[in-house]
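Labels run A, B, C, D, E and F following the written order; every chain starts at residue 1.
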Amino acid sequence: MIPPAISRYPVPKLDDLPEDIRVRMLDVQETAGFIPNVFLTLAHRPAEFRAFFAYHDALMERASGLTKAEREMIVVATSGANDCHYCIVAHGAILRIYAKNPLLADQVAANYRKADITPRQKAMLVFALKVSLHSSELVDDDYAAVRAHGFSDEDIWDIGAIAAFFAMSNRIANLISMRPNDEFFVMGRIPRTK
Amino acid sequence: MIPPAISRYPVPKLDDLPEDIRVRMLDVQETAGFIPNVFLTLAHRPAEFRAFFAYHDALMERASGLTKAEREMIVVATSGANDCHYCIVAHGAILRIYAKNPLLADQVAANYRKADITPRQKAMLVFALKVSLHSSELVDDDYAAVRAHGFSDEDIWDIGAIAAFFAMSNRIANLISMRPNDEFFVMGRIPRTK
Amino acid sequence: MIPPAISRYPVPKLDDLPEDIRVRMLDVQETAGFIPNVFLTLAHRPAEFRAFFAYHDALMERASGLTKAEREMIVVATSGANDCHYCIVAHGAILRIYAKNPLLADQVAANYRKADITPRQKAMLVFALKVSLHSSELVDDDYAAVRAHGFSDEDIWDIGAIAAFFAMSNRIANLISMRPNDEFFVMGRIPRTK
Amino acid sequence: MIPPAISRYPVPKLDDLPEDIRVRMLDVQETAGFIPNVFLTLAHRPAEFRAFFAYHDALMERASGLTKAEREMIVVATSGANDCHYCIVAHGAILRIYAKNPLLADQVAANYRKADITPRQKAMLVFALKVSLHSSELVDDDYAAVRAHGFSDEDIWDIGAIAAFFAMSNRIANLISMRPNDEFFVMGRIPRTK
Amino acid sequence: MIPPAISRYPVPKLDDLPEDIRVRMLDVQETAGFIPNVFLTLAHRPAEFRAFFAYHDALMERASGLTKAEREMIVVATSGANDCHYCIVAHGAILRIYAKNPLLADQVAANYRKADITPRQKAMLVFALKVSLHSSELVDDDYAAVRAHGFSDEDIWDIGAIAAFFAMSNRIANLISMRPNDEFFVMGRIPRTK
Amino acid sequence: MIPPAISRYPVPKLDDLPEDIRVRMLDVQETAGFIPNVFLTLAHRPAEFRAFFAYHDALMERASGLTKAEREMIVVATSGANDCHYCIVAHGAILRIYAKNPLLADQVAANYRKADITPRQKAMLVFALKVSLHSSELVDDDYAAVRAHGFSDEDIWDIGAIAAFFAMSNRIANLISMRPNDEFFVMGRIPRTK
């Protein structure tokens, strides 16, 4: 049986890739056990691949007042609003892992208002969704509302920039019909026992 | 009189910037006569600055079936739909320059359907706006519609990826209240005479 | 630790329920291994409980040109469009079981256009979503489009009535903040091995 | 002249109907002077007919903090928002009768904000329309706003459940193109004089 | 009992009005039996009153390929889409009179797709509603669609200009909370018998 | 080279026009240096032309608590929201002239929230845009919000009526594909020096 396509565009073979890109993929494979399709499919355009992951890392791995789980909440909530299948499934898995919570991703993807998160995190998602869906309507009150929950101005940049970056990612994933790896669907759903 | 703020966030001084970023700015200044505020305001976060412009250049300067003016049309049309003041004004100016047409940018920002462009360019903008506004609804017919105007699959990636990249840019500009330089408003409006 | 509330309203104890309702719950418990919260939470209003499940069964268990998995696809796709956390999670689980497919529910909830389903099933979901979101705009062409895929008029009633019934269910679940049982999140995700 | 169809589906003859359904119709006919088309058209599916009216009666005839006229206001306002011709006309007539007010139904169907109703009733309709149109966005403040007008939690269930039930009814009526009886258009418009 | 206000603004007395405006009102009163509130409320601003009715008459009374009933259909359908209580009720009455049809106005206000009108009239209303709701998206195909039903270019101007004029009227009526006269609610509902 | 059409409809020659219309055009030409296309294109229908400009003048030239520049801000902001190419460009030029500000029109057309205007003017535009886009949702709080900035009830009528009049103008301009004169694009962009 032919496996389903993971992109509308050609997917390069590992051996044909520039060294830096192949190395990054092998690193991820070692950690995750498989290569997420976002790497394989974006490698069709090496220059864009490099910029994409440089941007991603700059936002998702920098020191921040937001935990890694909180950053993934922003990704999952805004990707849910944009109906991005790849991002909901792949980042949902990552959120389950970071939050050590098997329920949280599906809750946040469907409706963060009913999710098991703190009021501070709900305020964070209100702001993120406004950036994602109605950024031109941002006014001072929106910034005040997140500051009231203790977010600094740099944290607010993080919230907004992550929402903005995934506004791009969602559109690219939809453009090329990026398909999530099967592995993501079940990752983090069964709490590990030692 | 204090000039109006160009960002909600601190704007670094040129002398305090990393060498590569300062050099890039001075290069732009030499070409354009001034430093566009997108450089000055994003420099608050050097890692994101580098990724942003690497991505921008990968899309806007690569060899493509789209002319530079056509790429700017995509920027202006989608930024108009997202009500992004910075991008409409700054990229409107660039569009006027590339297209050597003082009217085109205001036409495309308001309503590309009434603009002085070709049916092929209108089809390009229909696709770009669907990526910008309803990317989850993309179906095979949308790709066929642009292919029918002679766009290759790689051109379609360009159209969609530019729309996606500026979906991000628009949100960042709105997030930080990026203000366009006064110079942009009049650039390209008076046809040069020798 | 107090478990999270499953409804904004009081949840009756099994012993306090009318006989017919208690019997139905115990039946479900025997089959599923647990009592889905839709039974426990709607039992607060016995007359509405009875009508709700009578309606549900009339649509979901009648002989039809639609398979049980197809009916659940309609539920999951329209509940995704209505952001109903309970229905996405609970009926997502049921869809995985009926379709014997661990990926399908998350695909359909996010974006049926990218799901591993047939063109006939996509046409079915186009019609169902129009009933769910824009029913006043239904015109003859919409009926012709599903008939062209071999659906009979009675099948079309089934598609539309299921979409309509879950338009109600979604709103009730959102109204009372119905919480899905933890069991649903993982049901049907691991293909059973003998 | 052939009278216009009252449904896209076959309408059973009274003599062919199950006894309980025929009896219910004859009862209504005796009270109203005619059989509303919702009875005739839904009888095409007896099991669904029984569940539909059981649900309807459970909500519309139970003891409640809402008057019967108030419940019909919810029906008319939400049906107006859903552009359901049958429900606006038929329940508009019932609202005129219950409220003994020949103007109220047209006011509420067009724009409840300008209707001759109390602030408490306007708050009720704000909540009902949020359930009808944006139920996933319901938050604690929405419940507090109606409680501030003296509505109990059970009243709020009534408001929301009626809005939800007619979300379903509107979609079914639009699905089958249910046509209102001519009698409804003029019912309750001329105040009766003894 | 104080009658309800017919406007948020002062309503001038007939005796205080400029001669031409008073004469127009008395003329209408003689024909209709009462003075519609649009005359009384707009008279607060005599210059605007004169321009409003000059415009109205230029569109609604000129020789045209559209009957007077068809023009009122446009008014009622677009006013329904704009939720304008005054216009739905007042022009609904006029539509019943012109069309000699007691059902048509409520049908068209709720959902013209289900109304007892010709396919040509439905095409006319599709165009009118696009002008009313999405005029910037008008493209050549929209004009071709109405031309295919035999509308001339001048008829199309009439359709569009009436939709545009009532886009203004609806907003003014909503702005000042213009209240329809009680007489309109029942006008034309009972077919006259000789 | 044939100049592009300024309307989908025939444009009468000056000599063929009724005397009053020709005189008005020549007057404008003397002041502005050219005849704006709104005059030339609407002259196809003299009766509507006269009513249109009578209405326009009644609103835009009456004594008011709003400056002429403020009235043009309303035109530009609402025309931006309605994507009306003619009105954005032509009234943008007029706004630059009246405000003696070369940046203001592009700011207000894109996003008034980021424009160099006072809080009072922003409140005025919030109200104007609600009239333009959601007039049926106007409630007492909306009027209170502008009154709090010192606008009188008559000023509020002006704000709302200008928004309403240009709701009509935008639709007519879109209907006939009215093209702005080239002169407007650059008017007021270069501050005059003595």
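Simple rule for what comes next: a contact is a pair of C-beta atoms (placed from the backbone, for glycine too) under 8 Å apart; a residue touches a chain by one contact, two chains touch by 3 or more.
Quick caveat: nothing in here was measured; it's all calculated off a predicted structure.
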If you walk touching chains, what's the least steps from chain B to chain D?
2
Outermost chain relative to chain D, judged by CA means, is B
Chain of greatest Cα-centre distance to chain A
E
The C-alpha superposition of chain B onto chain F, two copies of one sequence, needs a rotation in degrees (nearest 5) of 180
Over half shared numbers or under half: where do the identical copies chain E and chain F land at their interface, same or different?
same
From the mean C-alpha coordinate of chain A to that of chain D, what's the distance rounded to whole Å?
44
Please work out the Cα centroid separation of chain A and chain B, and write it as a whole number of Å.
24
Flagged in chain A as touching 2+ other chains are 83-84, 111, 136, 138, 174
Pairwise touch network: line, ring, star, complete, or other:
other
Looking at the whole structure, which two-chain pairs count as touching?
A-B, A-C, A-D, A-F, B-C, B-E, B-F, C-D, C-E, D-E, D-F, E-F
Which of the residues in chain F end up touching chain D in this complex?
136-139
The residues of chain C that touch chain A in their complex are 4, 80, 83-85, 88-89, 102-103, 106-107, 109-111, 114, 116, 174, 177, 179, 182, 185-186, 189-190
In their shared complex, chain E is touched by residues of chain F numbered 8-9, 44-45, 47-48, 50-52, 54-55, 58-59, 62, 82-84, 131-132, 135-136, 138, 143, 153, 157, 160-161, 163-165, 167-172, 174-176
The answer for chain B against chain E in the complex is residues 111, 113
